[in-house]
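There are two complexes below, and they share chain A, which is joined by chain B in the first and by chain C in the second.
Moving on, here comes the complex of A and B:
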């Protein structure tokens, strides 16, 4: 029984999320929940490279853009079925990630962050200027939506994908590959010293992370029905990083919680009118300073303290 | 005594009935505004939101919207969309799904507007677009969407004719050309000047957040153009005008910016602006304004302690058009009927902009309204309306109908 105890919060969260469309009377919150679930996919990908491997990548939104435009353009120009175009999105993104990851991962730390930031800028510039294909800043409208645009149905699709990809991230983190990624984060030189080709594992994390983002981008495009380059700018890449930090870097639950925060928090702060973004920024700064281990980290520490106290009283 | 009792009872009953009747007749109509209230687009979005609120107060003070026996007083909810497509979608979803709003106004910026336009056709709501100038917004034949501002290329055509007439042949463009509607404006200018042997010799780009344009201007200066054409948001355009003077470029400067005097003078001096042309829809400036325009300017300045931006009446006019359409349709609940009434509307007498009706209607079959275009010149600290730019709204409307 004790073995299954850690699964209990996950099962409870899944049950609540599964019932959510029936519980919500205001469909605006369902709309935000779908966006949040898409961001869970994107943030789980970001966590693989940032949280587990220790490399802060600032190109996640750019990869979302590649997935979104890839899926949309294949559908428009080759008349592929919608499901096939969504399935293609992570594969296309993986190709771009392979091409960009190989040179990027030759540098470390801040340099890696700057190189990936440059890639995000380049992706946006190409999307804006290659307007014959992408329609530039005006964007692409009327992107097909599955099930005639039913938000309830799309919610369940996003929930299934977010849950599956969270499970996949958990499996990766508990595998040998995951252990090596954690070792790279702790001491990359030591990993190399014991004869492991760290670059292969870093590239793996980067490409898988990009595939998550590509799928997230395709889901976004087919949910919103409209894309333009602005949606995939550096600001959105920073949101992905924030989701990981706020929730808890290097944990599985953290990015999921952080994704809901970065979608819901700015919306809940709408009452503050023009002070909204100042307030949002302030909350983020304070949270990052005072909660560097994120919400999950704090919850774990609090739980451990309670358990210790219980043990003391029990003894 | 019983008689007094009876009289009092009758009076009380009558008062209750009258009060009840008046309570039943006076209702509230909530309209939403989704616009850029913060960020780079706020120079257009915030004045638009203010303009809608002011129009609502005026309409309420004048008795509200009359629908059969009912009178509706207008309540405005404004949400910030930061000119961002995702934020705009969230804001409009909140207005429709949570606040139960059926009429959404504002929309200063093209990207965010296009995002909302992509789904509004499936909603029981009416969308009235203001300053967003991207052409494709009204080429999709969305029945519940109308726009008060004409597309940028409609104005660009008239601007090109004007520049060609001035005799300049070699024009260098510096602008936010990665923004679709600015590029469309320049394309139209180019088509017109080519007819008289002119050409565009450079297309240099700045982004909306750029402030140092000297590299682009230095390159342009080396090409020795006859004139420069600046297209973009007010602030970067103001920096271009200022830095062109600082670099000693003594050539005619044309622009497409729609900024107010106050907005330009935050960045540049009046001397540096002297002689600059703004070739744009005949938007609000005191010298071009009608009686309505002068009153609008005075009321706005008094209420908000700042001059209105020239494009802000696009949003002000939206609410008067909506009022007239609701009264014509005789319903606030049936959005289809109101959308249809908007398409059949004559220009309401209270509007500020000088619309050019097509077949007697404010909005054409595409839901597009047209204003006249004008040449404005900066003279001694003010935008001075110099002349109308010939524009054929009917021909453009037919062209717009052919696009998809």
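Moving on, here comes the complex of A and C:
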């Protein structure tokens, strides 16, 4: 019984999320919840490279764009069935991630972040300028939606994918690979010194994280039915970073909570629409200075303190 | 053909000067404090915006507005160091970078709030054009090149020849030893940030006078600044100067002969190639 205790909050959260479409009377909130679930996928991917491996990548939205445009354009030009194009999205993104990860992972820390950011800028410039294929800044509309655009059905699709990819991230983090990634975050030189080819593991984390983003992008395209280059800009990559930091970097629940926050926070801050960017930046700065361990980290620390106190009183 | 190349080289020198100023600010902050000061571009642009505001809305002459903008820039730089970077000084380096990203969002948001979405051009009234053989050099472009050279020389003299400059280099080389030698390591970051931001604001004013300032320009510029650092070698002053000039000229020639839509990609492609072939940069020391 005790072994399954940690799973309890997860099961509760899943139960609530499964019932959510019945509980929500306002359709707009269902819409936002679907976006949040898509962002859970994107943020779990970001967490693999940022949280576990310690490399802040700023190209997550660019990879979403590759997945979104990839799936849309294959459907448009080759008339592939919808599910096949969505399945292709992470594979195409993985190819791009292999090609971009190899040079960018040669540098560490800030420079890795800046090189990936440059990739995000390149992706947007190409999406804007290669307009014979991408229709440029105007974007592509009337992208096919599954199940005739039923929101409830899409919600459950997003929920199943978000839950299983969260589970996959948990399995990766507990595997030997996950342990090596954590070791790289803590001391990369030491990892190399014991004879482990760190670059292979870093590239693995980068490519898997890109695949998450590619799938998230494809889901986004077929949910909204419209994409343009602006959606996949650097600002959205920063949202992915914010989701990981706010929720709790290097935890499994953190990115999921953070994803809901970055989707719902702007709605709560609507009253201050023109100040949103400033507030957002301020939250990011304050969160990094005052709660670098994120919401999940703080909750864990509080929980541990309560348990200790109880143990003392009991004993 | 040759005339055209020479013409684009002159054009490239002006934008190259902007890149050099931005890159010098970034390289000093990085070399001495280990911070990738990502907000540098947006802060620099706010200086450009301020100059535009003082000239157009307050009717100030450009030459009077520039010192005001420089002074406000220095002040902003000091505030950023004290309020945002100092608290994460001893934390993981990633945290400082994320703080920098947050700062960028804040400054971009402030710029939008104060100066709007429209692109602005600082009116300088300098419209004469010099002709040299077949090459045309607009007066403004010439002044920008000269100003950039003067600023670079002034900074080099400050860092190489003054007592404060010595202290800055000492901290860059060995922080602990500098503390033991009695260098005040609390004021050094302030001086560094003040100097970098002043150079950045000068670059922002140049961009505003030569081209235009608009939302997002600062972010693009700072990424190019980092591309220059990677190109020239991290923490190397000559590398930043050479890298910025080369990038400006390459971009200008590429825009003239290949495609202006993709000219912004060039900096990034060059940066990626350098990482693949010579990760320590053109003038950097081998690790």
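Everything that follows uses one rule, which is that the second predicted complex is superposed on the first by the 302 of 315 C-alpha atoms of A that agree within 3 Å, B and C clash if a C-alpha of one lies under 4 Å from a C-alpha of the other, contacts with A are read in each partner's own complex, and residues count from 1 in each chain.
Criterion: contacts are C-beta pairs under 8 Å (C-beta built on N, C-alpha and C of every residue); 3 or more make two chains touch, one makes a residue touch a chain.
Just so it is clear, the structure is predicted and the values come from calculations on it, not from any experiment.
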Query: Between chain B (first) and chain C (second), which, if any, makes contact with A:276: first, second, both or neither?
result: both
Message: Quick check for you: in the superposed arrangement, does A:28 touch first (chain B), second (chain C), both or neither?
response: first
- request: Identify the partner contact of A:230: answer first if only chain B is touched, second if only chain C is, both if each is, neither if none is.
  value: first
- request: Using the superposition on chain A described above, determine whether A:129 touches chain B (first), chain C (second), both, or neither.
  value: both
- prompt: Between chain B (first) and chain C (second), which, if any, makes contact with A:103: first, second, both or neither?
  reply: second
- request: Quick one: classify A:189 as touching chain B (first), chain C (second), both or neither.
  value: neither
Query: First (chain B), second (chain C), both or neither: which does A:238 touch?
result: second
Message: Touch test for A:288: chain B only (first), chain C only (second), both, or neither?
response: second
Query: Both chain B and chain C touch chain A; at which residues?
result: 129, 274, 276-277
Field: Parts of chain B lying in touch with chain A, wherever the complex brings them together
entry: 37-38, 79-80, 82, 84-87, 89-91, 93-94, 96-98, 110-111, 114-115, 117-119, 122, 134, 136, 140, 178-181, 183
Message: For a test of understanding, state which residues of chain C touch chain A in their complex under the given definition.
response: 30, 36, 38, 84, 87-88, 91-95, 97-99, 101-110, 112-113, 219-220, 223, 226-227, 230, 234, 261-262, 264-265, 267-269, 271-272, 275-276, 279
Task: Can you check the complex and tell me which residues of chain A touch chain B?
output: 26-29, 31-32, 35, 128-129, 131, 135-139, 141-143, 149, 224-228, 230-231, 266-267, 270, 273-274, 276-277
- prompt: Residues of chain A touching chain C in their complex?
  reply: 54, 56, 58, 103-104, 106-107, 109-111, 113-115, 117-119, 121-122, 125-126, 129, 234, 238, 241, 245, 274-285, 288-289, 292
